[in-house]
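Shared between the two complexes below is chain A, which has chain B as its partner in the first and chain C in the second.
Up next is the complex of A and B:
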């Protein structure tokens, strides 16, 4: 995917030079291995600083909310679905955006590579299917597929669903993946086992809200955990408050989440809170065949009412 | 140089003995990383734990827990103590932070500036700090993101420590720095005093310092005009990627801000304080609804200005950062204090500044 960088710079340069857009949102090279930093550029000269590789996992849809200018944004499959969400939810106009689609082969989970490496990684480069990492006294090569983010490994929408231009030809979509194996494992647990499981899952939480803030869906002007009149949730390390935050946030994402993995990726203490949102993704898929953000035409199931709804409770 | 030799075979036993007098804290393995937290009874940090360079969250919580009850009360008139604000019962044993890294120990020295000043003494923080003994561990092998040597301390820095251990293979060489440290060593039963060659210690120290590859320039910070720096044109660029989470501030050993909260159930209630973060929009939300730091750039600027300018000017104790590199490693969007410090320190030096 590193091959996209030249093309990305070229597109950004052209769009800014031709005044097609005022701002381009993309990534610049990070200051630590396996990290890139979201950035915006407003002049064609700055396009040289844009990069693309397997470390662009941060969902750029997050940076569009409430912007007023005409923007070009580079979008992976999941980013594009979240952009579609934003448009459906009236957070941004389609006309305001020039979406440059980036066919994705999955993003790298730096934590997994750090764990595999025998020491601290000081340099990491991607080369086709391989990731070469170096440390003070070692050099290792890992297979890219073994180091993908968990959500990327089971992603079936790697190609952008809406775009004005593509950086490259579409990539082949994965078809032989079991997307919800982890959710089924939890569903099979007894209530008591689940309680223990969730307690362990959320125990490390330090309430930094990186998961919420990295999530493109979490754009509420004031999150329910930040409300003070009335205050719904306590601010200590009380497990009930921590659970309330995570569970309620997941419910707020029901029928909207694209499993982009931004939440898990951002968590400084390695919590896989995707397990919560994925359960709701699975429910939406099982019950309505719904996957969020695949097009701009359909309303999400949870903001739709049909008079012929078969459920009694809603009538 | 006088040192106490602690044979590694006597490490676990010594800590077990110390645990009868002290509550021990140290690096503890979680699933994927190490935390600095209370050691379970009889569980000394093993070689792998002691080799951990940076625990994920800092040892800040040993002295300054993320949530700490200040008092409790009841309004139930049947209780003779109704309407009396009572402090919850405290654990009597003093604390000891085992294997704390020199940068983290030094962070408490910086933070003390905030919690103890001529006009204000924070009894909660000070009491916890004073009853804690810091058994530090020198860093022979610092991380690539460590920049302690330009942030006021270093891999063998002693300020803020009561004992400094250096790993000497089959034993630790323990340099006892204070009376508190000596008391702890006695409690652990470690008293094998040896003459440790100064040149070997200094050699280690130099070698470790040479392995530090990151640095921050700070020489101009104090002299730069505060308002001009506040209005510098690089803040929008620095702040763009920020998602306003609390990762940097909650992993940081030197962040000290807190919120005060009341919680009650029926007639019982508590008041506690908990960490807060200047990255959160509600941090500065006024009762009137006005928010002086409503925009992301204002909040990001505040964090860096506080650590690298206001603190420098107010306390003349260097920057409010010990160079542990946690925020550099774990910021979800790669905002790097080293780069920002560089921008700030070179402000006005050249005509334009750029982050990239």
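Up next is the complex of A and C:
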């Protein structure tokens, strides 16, 4: 994947030099290892700072909301689906965008690598299937596949669904993955077991809202949790308040979430809140065969009426 | 999320169907009363020692 870097810089340079776009949104190296950060560049000279590797897990669709200028954006499979979703929801025009598709082989879960490493990591580089990490008295090599983000490990849309140009040839899509195994496990629990499970899952939440802020779907000018007149949900870490936040946010993402994993990646305490949105993704898939953001033509199930909707829950 | 079956009900009732509304409302409240209170979702104040 690191091999994409040169090509990405070249494309960005060309687009800015030819005045095809005003802004390019990509990634640059962060200040600590394995933490690439999104960056906006507006001059061809700045293209040298762009990078690409397995630490570009942030979803760049998040930075397109209501922008007015012409933008080039680098997009993995999931980013491209969220971009499609943004276009469908009128958050940006297709004509404003030059989408550069980046075929993806999965992003790395930095937390897992940190756990495996014997000490603090000061440098991490990727080479093909290997990740080499260095610290004060150690140097280790890990295999990419053991350190993939959980959502990437079961992703079936690694190639961008819409693009104006591709950085490289398409990668092979995974076909033998069981996408919803974790959701089925929870579905099989009794209501009481489920309550205890979610209680444990969400207990460590400090209500920092990093998950919401990282999510491209959460673009409301004022989120319901920040509203004070009326105050829909308390601000505390009381379990009921935490639940209200997480369950309501998940429902706001129903039929829209691409399981990009940006929310889980952003969480400072490592909560897998994707389990909530994934259940809704599974329901949308089971009931309507729907997966969010696969094209620009189809309207999402929650804003479509069909006389043959299952509606089994309504009497 | 741990709500037991029977606590949550959905119905289509037109504004013209007043008797259906009354009937469904009665049924729902009877069923929920039979289940008893669920206080898992009630916000409990922290006790100060």
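The working rule: the second predicted complex is superposed on the first by the 306 of 315 C-alpha atoms of A that agree within 3 Å, B and C clash if a C-alpha of one lies under 4 Å from a C-alpha of the other, contacts with A are read in each partner's own complex, and residues count from 1 in each chain.
Basically, contacts are C-beta pairs under 8 Å (C-beta built on N, C-alpha and C of every residue); 3 or more make two chains touch, one makes a residue touch a chain.
Just so it is clear, the model here is predicted, and its values are computed rather than measured.
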item	value
Chain B versus chain C as contact partner of A:86, first or second or both or neither	neither
Contacts of A:314 with chain B and chain C, given as first, second, both or neither	second
Touched partner set for A:210, first chain B, second chain C, both or neither	first
Touched partner set for A:194, first chain B, second chain C, both or neither	second
First, second, both or neither for A:234, with chain B first and chain C second	both
Partner chain in contact with A:226 - chain B first, chain C second, else both or neither	first
Common interface positions of chain A, toward chain B and toward chain C	234, 238
Complex contacts: residues of chain A adjacent to chain C	191-192, 194-196, 198, 234, 238, 240-241, 243, 247, 313-315
For the chain B and chain A complex, residues of the former touching the latter	30-33, 35, 56-57, 66-67, 143-145, 237, 240-241, 243-247, 249-251, 259, 261, 263, 272, 274, 277, 280-282, 328-330, 332-336, 338-339, 356
Complex interface listing, chain A residues touching chain B	28-32, 35-40, 49, 58, 62-63, 111, 115, 120, 122, 204, 206-210, 212-214, 222, 226, 228, 234-238, 265-270
Interfacial residue positions of chain C with respect to chain A in the complex	1-5, 9-12, 40-44, 46
